[in-house]
Structures are given as structure tokens and as C-alpha cells.
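There's a structure below that I have some questions on.
Letters are used for the chains, namely A, B and C, taken in the order the chains are written, and counting of residues starts over at 1 for each.
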Amino acid sequence: MIRYLRMFRMFALSELQFELEYRLNFIFVLLEMVLVVGTSVGAVLIMFAHTTNLNGWTLPQMLVLIGVFYLIQGGNALLFEPSFQRLMEHVRLGTLDYHLLKPVNTQFIVSVRHMRVVRIPDVLLGFIVMGVGLAQLGARVGPLDALLFALALLCGLALVYSLLLVLVTLSFWFVRVENLLTIFWAFTDAGRFPVDLYPGWLRFTLSTVVPIGIAVTAPSQAIASKIGPVEVALLAAGTVVAFTVASAFWRLGLRNYTGASA
Amino acid sequence: MNDPVVRVRDLRKVYRVNERQTGFGATVTSLFRRKFKEVPAVGGITFDIAPGEIVGFLGPNGAGKTTTLKMLSGLLYPTSGEAIVNGDIPWRRRDEFLKTITLLMGNRSQLVWDIPAADSFLVLKEIYTIPDAQYGATLDELTALLELEPLLHKPVRGLSLGERMKVEFAAGLLHSPRIAFLDEPTLGLDVSMQARIRAFVAEYNRRSGATILLTSHYMDDVVALCRRVIVIHHGVLLYDGALADLAERMAPYKRISVTLTTASSARDLSSYGEVASRDEYHATLHVPRREAPERTARLVRELGDGLADISVEDPPIEEVIDKVFTSERPLEAVPA
Amino acid sequence: MIRIYRQLFTAQFQAAAQYRIQFLLWMLFSVIRPTIFMAAWVAVAAAQGGSVGGYSVADFAGYYIVMTLVGHLTAAWNSFEFEFEIRQGRLSPKLLRPLHPLHYAIVENQVFKFSTLPPLAIVLAILALTFQVHFATEWWHVVLFVPAIVLAWALSFMLGWVVATAAFWLQRVQTVNTLLQRTSFIFAGQIAPIALMPAALQAICYALPFYYILGVPTEILRGGVSFERAVALIVGQAIWLGVCWAAFLVAWRRGLRQFSAVGA
């Protein structure tokens, strides 16, 4: 375990070194994220200038939700997405072989080998917005809510990770998996509002096939005491199942790649 | 012979290729009803390799060389047969096993393009859990042998093909593997860089005692490095034995090249041997191996002053190999 | 010129047939984005007893569905490729041809839209039925929509190219472009109809070009805009188009000089 943490640290350091060569880019990305997050917050502020309640969500609760959205999206863009993009490239070019020959769990290495360190501000901004929302919620956040929130957040990240893993695993069989990922990103965008706001088809998609809706909404609901331990436990169970299924599918893909199943 | 580090018994690999049609509809259909075509890549080969050997793996494109290397390094599951490499079954891909091998592919890079090799090396150090002291020593040695000093801190994308290959070698050998599989390591390199890589491989083998299994298109690589060669073609083992014997068995003739002082057109040389080529002042004759000394003596005696130069040599290895591939007849293995 | 265009169109239509999947993905994107905000505003209106600032639930639905259509018709992505072409050295051969690179971009842009319009229209029609949209459109709104949409497209197109010409000098125009897109998202009327925004924000919207690309044609086609206001907005579009056109001419001429001086 410690070995894996050390590796993870080295992956991060090596990527950081690379990004430091493009410091100007860093500033641009930061500016862009401030704009993006600012737009999201601005939109919500405009809406709440006309109402005090959005389908049962108050303004502080909405801010928490937006914060969680950028936390999850940023965490994802920081940790998994760059590695997965390289993974698909490796499968296409045949360089995945080198990863397979490393004396390390292959799923670990293909999931976090590359990080996009410039995405750290996304996560930070997410934290800030969430913090502002929490501060406004004030004393109403108990320790149990906080715990459930943390757990739900972890589940949210793991859910999105599991789905991404399944999608990139498909690249063992299909060439054009990028398109599927694009669909995924299109739906991800919808995570910035509570999933219960949407018309049926979209709500269904966001809660099942593309679980970004659940991933973002559930932690926010936990902190707002809209859901309790039972729901979070269910979410955790669902996440474990999703993660297990995704890992199994990955191993199946790998076996197909190495000809073990033939 | 010591206990072999590589032990291969009747190893076979048949690829099942999905015959896929283009178009979305066909893709969907093929998810449920697949048509497979069986393509044999390696058809049951058997050999042993002793520790410290450098063995050349020869064969034309599609012969099954790379497939075999991939099975021996654990990347591919065989369809049937056995292989033991460093005392382990490769395709179980246990961490302990993977730490003892390396695979270098001349046409595929394992380094990250955007960062300097030195940074990639540090990542590899963590992956292979190389202790600090050993890492320092190995890196120093490889840096000296490969003259890496000026290359380590430049982003890999800025290196020339040859420079990159040197760095790839270092990356693959950092964890001091006991066996190295080299798949076309000199592919695309210019002649002098090929020679340097070759010298490095020979020196590395001498110093570390690592076993090396090498495939190459360039016969020079094989001639310079390998005393033993394994020839496969269409997945079948055609020859396994000393490189020198390969020439003897496959080409039971020698080449006599003569240079004449007067135009040769007047002379009939066919009585000395089969005339392979000739122009005004030069001729190349093929003569049976055993009769070569006698024929040479006769040429010198009978041509007298008409002879400016004469040399006797084995036919070039390319010609021999070519002959093996066109005959497609398995030869008896000569024990190495 | 017309004959040249006809040839270019034919060639582009043949090329476009290969990108069916990209078409579908593009459509998904252009439908989901507005749907998100529509859903949010519908919720706001519902919470306020069915109407906010003069917009009813059906009005919001109508606004965002029309905006999706307008967004599709005015989209201009061609300048994105410009930086790439410069770096790959593909611009030089195009400059050698006796036709300004702009024309290729125009044709490519139009072909994409024509080929994707029918499926998009069907999707939008279904959405419109599901949400029981309400339009306050008079016949003259439709008439005014024609110049409004043409000007909006031209403006969007030229704005993209002004940014693209920066590639003559800058390395990372892509980033500038992204920033522009993000800014546009706030001020074009996508997050909310302009009438619902605070006064300060409204003033910025009127001062920037983005509202004239998306918001103006949307409001005109949706109806509920007085004739005078519609005409004033169209004049605003024309002014911005003139500014962008002039800026492009200057930047292009200077850029080419720079480009041929440095060589590529």
C-alpha cells in the first residue's frame, strides 16, 4: 500500500515537472476556471434573485452542489481522465504492452499514471464555493451530516471513475471510444444542477447510465440533511458494486487483449 | 549446459481474428454473431536458452518472432504449450517475474514524450522498487556505457531516433533484468548508431551476464552479437544452432572471387565451378565446400599471371537465410 | 464566384457524409446545454407560481428551444483549425490559391449546418411538444428574424476569425478562444434571458458582441419584442459586424505580412 502511495507521489511529481514548463498555460487555465465557476455561481445567483427556493433547494445548498460538481469534475479531470486518454492511445499504438510488463497492478497504473496538475484549481475553486455554501448553512451541519457528506463524495468520485473505466475498457474491442466519452462529457455538464430538476429522460440518464447526477447530488443532499445514513449506505453499496463490475470488466478486456480468453 | 533460463516446449499461438464488417449496423451485429478466422502465428516450437547466452531470433516479417517474444515476456497467453522463463510461467505475470525481465521494442517507445528521460527513470525506480544505492550505480553505469549524460535532461521528444533508442535501453535495463527480450532494437537507426547499440548490447551482456534474446532485420546485428541463432518461418522452427554451422548446412558451397588482369570474356571459367556472376575483370564462382581448397589451388596454378586477386569466403549470411526461408524445410537442430 | 461556390459545396457535402457520428454528438451537445438551463428556469418559474419577470414556464421552454436553433445556425468553429493549419504548414498552399481561405470556411460551415438541420429540427420539435412551449411570434418577427440570423451568423463567424488571426503572432490561440467561449456563455443570454438579469449585467451584455449573436435572434424569433426594439437590436448587430470586419481586414493584412516575413 505504501509502495502504491509512493508511486502515486512520483507520478504526480513527474507531471508537475512537465506542467511547470508551461506556467503561462497555468494562468490561462486558472482564468478559464474562474470564468466557468463564476458563470455557474452567477447563473444561480440570478435565479435566486427571482426566487428563494429551487425545487426545494435553497441558495446555500445550491452553492454546495456547485462546489461538489467542480470538486468531482475537477478531481476527475485531475486524476483519471488524462491517464485514460493515454490508455486509449496506448491500446491503439500497442504501447500498452509496456504497462502490462510493469510489476504493478495494471489497473492502478493505467488509472493514475498521468495527472493533469493544472486542474488542481478546479478542485480548489470547488472547495471554495462549497465552503461559502457551507458557511451560509452554518450550524445546521452536524458531524453525522459531515461524515455522510464525505462518504457520499468519495462514492461520487468512485462512481464516475467506474463508468470511465468501463468506457475506456471498450477500446480493447472498438476503435472509436472517444465518441462515447464525448457523450459522457455532454451529460456531465448537467451535473451542475440538482438531478431532480430535470425532465424524466434526462434525470433517468443522469442517475443510471451516466451517474454524474447522483455523484454530485447525493453529497449535497447529505450535507443538507435531505438524505440520511440509509440512503448513503445504499449509495456506498451501489458504488462498491459498480467498482467491482468495472474492475471485472477491465480484467475481461485485458484477458481479451492478451488472448487469455481465446 | 546449465539449467536453462528459458525453457520452451511445443509453444503454440493461434490468433482468432474477428472478421468484422465496416459500418455501424455490422458492428452491432458482430457483437452477437461473430465470424472468426483462425490465424496460426506460432505453430509449436521448442527450445532452451542457457544463462548468459545471446540468441538471435531470425525470420521474415510475420514469421512469429514477435508473438514468441510476447509470450515469453508474459504479454500473450499461448494457445497451448509450455514456457518457463526465469523459473516462472511468464503469462501469470507475477510481480517477482516481471522484475527479472525486460522487453524493448524498437518501434514502440515506453518513455513519456513531454518530460526528460531522467524524470521517467525516477518513476520507473518507484515502479520497480529499486533501492537508492542500486539505482544510482545502475544509472551511472548505463549513463557511461550509452553516453547518456547530455540526453537525460532534455524532453524525450527533442531527441533523435538514435538518442531515443539509447535512452529506451537505459529505461528498460534500470531494474537490472536477468533476461532481456529485444525486438528489432536497431530498427530505423543509421549504420553508426546500429554499431554503437550492438557494441552496447555485447558489453552489457559481458558485464551483467544477462541472457539476451534478440530479433532483428539487420543481419549485421545477428552476426556481430549471436553465436547461436533460432530461425523460424511461418511459426515453425527451421533451425536452432550455431550461426557458423547454419552457413555450412544451408549453403554447402563457398564463394571464390577472382580478379583477372586481362578481359575475362576470353576465358571459360565454368570448369572451376558454377559461375554466379561475371563482368569484364571479375568473376564469382560457387564451389562445393570440400573442394574449395583444391579448386582454388587449380585456379592459381592454371591462370598464372592472368590472376590479379583471389579470395575464398562463406556466402553472405543473408543469402543463406534467404535460402532457408525459401526452402521451408525444417533442418535438424544442431545442439548448441 | 457562384460557380466556385457550387463546386466547393459539392465537394464539402461529399466530405461531410463521413462525419455522421460527429453530427450526432454535436447535436447531443447543442441540445443538452440549453435543456439544463431551461429545466432550472422552469423550476424557478414553478416555484414562483408559474411565472418570473414576465416569463412563464412555456415561455422559458420556447426561449431555450429557439436558442438551441439559433446556437446551431450561428455556430462558427472554423477558426479553431486555423492555428493548427498555420503550425502544420498547411496554410501556405491555401494562400497560393486564388481564393481567400475565408471562402472555404464559409462553405464548410454552411454544409455542416444544412446537413444537420433536419435531425435537429425534429429533436427540437419533440422538445417543443413535450414542454408545450409558447411563442409570442407575429409575422413581422419572422421577417425580421431573417436579417437577424444572417447578421448573427456573420458576426459570430467574423469574431472567430478576428481571434484566429491572432495565431499569426501567438502560440496558444486555442486558449484565447476558449476564454472567449466562456465569456460568451455568460453574456449571450444563455444562462438567463437578458430581461431577467440585474441591470449592471444587462449593460455589459449590450456592450459586448455575444448577445447580438445568440440572444438577439432568439428574442426576435420567440416574439414578445416590440418592433422598435427589434430594429434597434438589428442595427446593433450590424455595427458589431462592421467593427469585426474592419478588425479582421487589418489583422489579416498585418498577419500575412508577419507570416511571410517569418515564413512557414
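Here, contacts are C-beta pairs under 8 Å (C-beta built on N, C-alpha and C of every residue); 3 or more make two chains touch, one makes a residue touch a chain.
On a predicted model such as this, the values are computed, not experimentally measured, just so you know.
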Chain located farthest away, centre of subunit B as origin (C-alpha): C
Most central chain, Cα average position: A
Chain centre separation (subunit B, subunit C; CA means) in Å: 59
Computed distance of Cα centres, subunit C from subunit A, in Å: 30
Centre-to-centre distance between subunit B and subunit A (centres being mean Cα positions), rounded to whole Å: 46
Junction residues of subunit C - those touching two or more other chains: none
Parts of subunit C lying in touch with subunit A, wherever the complex brings them together: 21-22, 25, 28-29, 32-33, 35-37, 39-41, 43-44, 46-48, 52-53, 130, 172, 175, 178-179, 182-183, 185-186, 191-192, 196-198, 201
Touch list for subunit A against partner subunit B, complex: 3, 6-7, 10-11, 13-14, 17-18, 93-95, 97-98, 100-104, 109, 114, 174, 255, 258-260, 262
Partner subunit A, residues of subunit B touching it in the complex: 13-16, 27, 70, 73-77, 79, 91, 93, 95-99, 101-103, 105, 108-110, 112, 114-116, 119-120, 122-123, 125-129
Of all residues in subunit A, those that touch subunit C in their complex: 24-25, 28-29, 31-32, 35-36, 38-39, 42-43, 46-47, 49-55, 176, 179, 182-183, 186-187, 189-190, 192-193, 197-199, 202
